[in-house]
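A quick write-up on the structure given underneath.
All chains are identified by letter, namely A, B, C and D, in their written order; residue positions are counted from 1 within each chain.
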Amino acid sequence: MSLEALIPSAIDGLMLGFVYGLAAMGLTLIFGVMRVINLSHGPVIALGMFVVYTLFTGPLGVNPYLGIVAALVIGLAFGVVEYFVALDRVINAPELTTLLATFSVNLMIIGIATSVFTTTPRAVDVSLGSVGIGNVTVLGTHAVAVLVAIVVAAGLYGLLFRTRVGKSIRAVANNRAAAELMGIDSRRMLALAFGIGTSLAMVSGALLSTLFPFNPLSGTGYEVKSFVIVVLGGLGNPTGALLGGIVIGLLEGVTTVFIPVSWVPVLEYVIFILILLVRPAGLLGARA
Amino acid sequence: MSVILSVQNVTVRFGGLVAVDAATFDVEQGTILGLIGPNGAGKTTLFNAINGVYNRHGGSIVFDGARISGLRPYDVAKRGIARAHQIVRPLNDLSVIANVTVGAAFGREDLSLGAARKVAEERLAWLGLADRAEVLAAKLNVAQKKRLELARALASKPRLLLADEVLAGLNPQEVGDMLGVFRQLRSQGVTVVMIEHLMHAVMNVSDRVVVLDYGKKIAEGSPQEVTNDPKVIEAYLGDPKLAARITEEG
Amino acid sequence: MKRMRVPFLPAIVALLAVLAAFPILTNNPSMREELFLVFMLVTLASSINIIMGYTGYVSFGHIVFFGLGGYFAFYLMQIQGWHFIPSLIVAAIPSAVIAALIGFPILRLRGAYFALATVGINEAMRVVFNNWDLFGGAVGMFFNFSVYTQYGGAKAASELAYYTMTVVAIATITVSYLIKRSKFGLALMAIREDQDVAMIVGIRPSRPKIAAYVISAVFPAMAGATFFFKNGIIEPGHAFELLRSIESLVMVVLGGIGTVAGPIVGAAAYEWLRGFLITNPALANFQLFLAGLLLLVTVLFVSSGLVGWLRERFPVLRGYVP
Amino acid sequence: MRPTRIVAIAIVGLVAAACGGTTTPQASGAPTAGGSAAPAVSKALNIGFTNSQTGAQQVASTKQTEGIKLWVDQVTKAGGIKLKDGTVLMPKVTFYDDGSATDRVQQLYTKLINDDKVDVLLSPYSSSLVKAAAVVSEQNGKVMITAGGADDATMEQGFTNIYQVYSPGSKYLTGAIDLMLKLDPSIKKVAIVNEKDSFSVSVVTAAKPYAESKGLQVVVNQGYDTGTTDFAPFINQIVAAAPDAIIGGGHLVDGTAFAKALKEKNVSARFVALLVAPPEPTFADIGDAANFTVGPSQWEIPVKYNEAAAKALNIPFYGITSDSFTSAYRAMFNSAPSYHSAGGFAAGLILQRALEDAGSTDPAKLRASLDKTDVMTFFGRTKFSTDAKTHGKQVAHDMVYIQWQKGSDGKLAAQVVWPTEAKTAEAQLRK
């Protein structure tokens, strides 16, 4: 145990928490709008990584941060397509059905990605230097990731609460039948929401590719983490997800100073289960 | 005749809203009590309080001499109170006979599966659903589902039936059949509390009528007395059609 | 009209017994291995079906009991030097107790919340065992090969494992059938359809739910004990493998959720399909993709599964195939 | 057409395709009639194994399989394995995809032995798969030469038919510690950070007491969950403890991430050695972060075990040289061999030699021959333990250590820095 590491660990955890939070926002948005737990979330995150990687290592050598924009657009399109292919028909079915529908997409993505990219580790070698104050070193890439996460989260907030489309999405989330009576095409809104959620996952994957090495299976770990965060922030609550991400990031950073790192996941899962039991609406949500 | 159900000062709150406000009335065994009132008067909520769905309420509910306030729905059911819902709730993926067997097997009598099935067959025959026994409940039409709802409630051989608008949506012929069922039940000594908007039916079959408005009991008495009560007519003024009907049909 | 009663249970038990005897009689060990896996998957799928198909709770991390049973039995055999059979039986007890303790709080959760909680529990267990030196930590536990001599050699030991898995699978199916035909099963299905209505008709849901969860935990625990006994090693990553959990759900859905026969058909079909994809050179690269595609098609168009679809198509089957 | 009908037809079609298509195993190197003018009896030598075409072990396993394929190709071109009695064995390999799953491995090895009637077995890749396969080959009394199952525990289960070509895991980092102390005897404090999985833990379990026996002080000793890529918590602890050296790692992605994080956070340790990841060519994806990282390897291209080296140890040299292996491999697969490729080829060589020596495919004779094997190949020295407790464990093979160094052209290259006889560059301390 070394308290010396406390501050830098807390800061590192906090910064990473924003990226976790971004991934979780996608998952929670989809759940909030259509009650679907998206099991293709992890592979989609990995796809985001490979969008950046492929553009970066390709003949054009696209800057990774431009690659993030590409991931945003591709994610949106991919999500809309996925919705119509895999979910539209079963959107009103019990959750097991949608769970398995998205899981089948998960299998397909991993199947194709591993045969195209193999499971060799890849990395996007991008460095933006670092700033050191005392024993705290803040990496440029991490700082930019935080910024992008904040911008994207703010963009989502603006979209949901300041635009007509956002209003429609929220209306569909609240009460699909009522929204339809008001003349909203709920199918289109559901597809759009799924697209936005997928896009968020891809962007977070794109950001992660600038931080850590990865392979097509790398999304799984982030998917499980997203579940924890989403429950922490309240299923269906995007703001909660961002905060939940920050809490988990901070928790990971701080607790590692006090307990062996390999036990940290146990703590995370215990918190996860306890929150489900005691406050299923999440730390921020109203008591259920 | 003895009082089988005594509702004393029952109050149910949802946050700041008082859905049922100190409702008080007694029901005598083997009678039919009509519970009427405009929409939102708290009738269904009162049913939920009686059978334990809302078991945190003020006041007390005594059934057959024992206090049942605070009991969970399954304990209330075991004591012989059955419920037919306003919005039918069939167990969709089970067959019609299985639905009714559930009622017989776990209600008051706690029968074995075989015995419960026999009871279920009887009840289905009684309610004219025998030929639909093996069909999935989801596949029934609305009128059949209403009868199924009632058959399931009656399968437990209840001592008190809480019937919530079981007549709504039925044609006159079907309404007549249902009223026949209620009368038969009364003759068997089963007590019935029915929530109903179909005034001529309530007035026709009820021994006594209780009127709720905004959660409060505003009148109680024989169908005759209630219809002539100015407070009742006033309460229904908010709903002119009903007011017209209550005076006409009464 | 009286329904015709067909002795489904004796028929299926006899069928499985004959099937199980086949590789032994014809001395075909690779068929034995294949059937060992099929019986294991039948056990897992049928068990999950009890809590998921009958009771309506999607237990996503159900493999946790497979892992726990495997670990407890392995501990008894490896550290305490017990024989396999008593280890298997005794290992089922703590697994059942843990299921009851877990089930009590989490079965109050509904829908997605329950599914997520089971994932959390499985992952937590995996990390705990990964760190717990008593059970070998990350390295896991492994037999010295000589332990198999007490069973008459490794070959005899793997035959013993095979017989045991057969018995466990038949026991699971029997219990699954008996539940489906019992008052207890009726309570579970009423809870599945509408828990509030179930309460109103007099069912106290917590007890049958916990009972169903415990029952659905015991058989995977025994399957885990048998699997890892035969395997000779147990590691946290293999004991608590979420993917295997999801695969079991897939088998149930493929075969027909909520039916007795569905998980059996689903497990056999899934295993056959996987074996085919994995040993077929032309498809090996696309096997995951094809598996996903097939699952999606099933989920979208044949949501009641193979058995469910047949029963809908030919209602006469309903009396024969529960 | 109703959708359900379309699906029904699709399923029927799939089923039909499945039934129609034969599940032929992937075979190569079947005996060819051409050139077999010899009077000798030509017999097929059936060799079986599984590999991981899918799942976590895909990359290394594929390389290992390529090594085996090259060996088969060379033996076939050379006219087969000639036994003393004049019989010629033509190798024919049968292999299936195990999907990196132990249950699949056991099922498929049983199939290989009973349906495909293989004479001898080679191994899948990775410790836990090898263990699962070993149980089956042991049950059936089939000899299995393993490559890519370095975990010590595998070979401490009392097997009698399993022979390990790789140096066991316990040697992966102990050699790195020797190298480190030779390079800079003033190193005192060492941090150990490793993946919490079977292989890495067993490596560290051997390395930690070894480090302490050399007077080193372990200042950080932490494990991380499989799949970890965020190493910030460890880095901060490492910075706080200020060790002179860092050893550990686990597999590919995590090891790469760890090295990247060490560089980004300007960790000043003078020596870093990580498992598995560094010898992989894509390790250079992380750029400057790869520089100076040391990694244990079973074999590297520049390593030149040869006749002379064998003579010095008074043991025979067998098979082709490193150079001809590498060029043949490049010619066949159009890529450079990794140590996994070499391991696969070496497993074939050791098997070939034992067959020639035993003059038969009979397991008992093969075992007798393998038990007394002490030979050098391009892969290094091979000798198996005959002790009952550790029977078949590799006791003579030496690890090779590579270090990524930036050349004068500014390009990163993996240089062999240990053992001294094979080095292509001097080991360097991190700067």
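By our rule, contacts are C-beta pairs under 8 Å (C-beta built on N, C-alpha and C of every residue); 3 or more make two chains touch, one makes a residue touch a chain.
Note that the structure is predicted; figures quoted are calculated from it, not measured.
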Open item on the list: Once the contact rule is applied, which chains count as partners of both chain A and chain C?
Closed with: D
TODO: Would you mind telling me which chain pair, A-D or B-C, is linked by more contacting C-beta pairs?
DONE: A-D
Task: Most central chain, Cα average position - done: C
Task: Distance-maximising chain from chain A - centres being C-alpha averages - done: B
Open item on the list: Roughly how far is chain C from chain D, centre to centre by C-alpha average, rounded to an integer in Å?
Closed with: 35
Open item on the list: Centroid from C-alpha atoms only, then distance chain B to chain C, rounded to Å. What do you get?
Closed with: 44
TODO: Report the inter-chain centroid distance for chain A and chain B in whole angstrom, where each centroid is the mean of the CA atoms.
DONE: 50
Open item on the list: Using the touch definition from the top, which residues of chain A touch two or more other chains?
Closed with: 111, 114, 260, 262, 265
- [ ] Find every residue in chain B that makes contact with two or more other chains and list them.
- [x] none
TODO: Scan chain D for residues touching two or more other chains and write them down.
DONE: 54, 196, 223, 225
Open item on the list: Quick check of your reading of the touch definition: is the inter-chain graph here a line, ring, star, complete or other?
Closed with: other
- [ ] Please list, in label order, each pair of chains that touches.
- [x] A-C, A-D, B-C, C-D
Open item on the list: For a test of understanding, state which residues of chain C touch chain A in their complex under the given definition.
Closed with: 52, 58, 60, 105-106, 108-109, 111-113, 115-117, 119-121, 123-124, 127-128, 130-131, 246, 249-250, 253, 257, 285-293, 295-296, 299-300, 303
Open item on the list: Under the definition above, what is the set of chain D residues touching chain A in their complex?
Closed with: 54-56, 58-59, 62, 196, 222-225, 227-230, 232-237, 239-241, 252-253, 256-257, 260, 264-266, 277, 280, 282-283, 285-288
Open item on the list: Which stretch or stretches of chain C touch chain B in the complex?
Closed with: 1, 3, 181-183, 186-187, 189-190, 192-194, 196-205, 258, 318
Open item on the list: For a test of understanding, state which residues of chain B touch chain C in their complex under the given definition.
Closed with: 51, 53, 72-75, 77-78, 82-83, 85, 89, 91-94, 98, 101-103, 105-108, 110, 112-113, 116, 134, 152-153, 156
Open item on the list: For a test of understanding, state which residues of chain A touch chain D in their complex under the given definition.
Closed with: 2, 4-5, 8-9, 12-13, 16, 111, 114, 118-125, 127, 130, 132, 135, 137, 139, 141, 208, 211-215, 217-218, 220-221, 252-253, 256-257, 260-262, 264-265
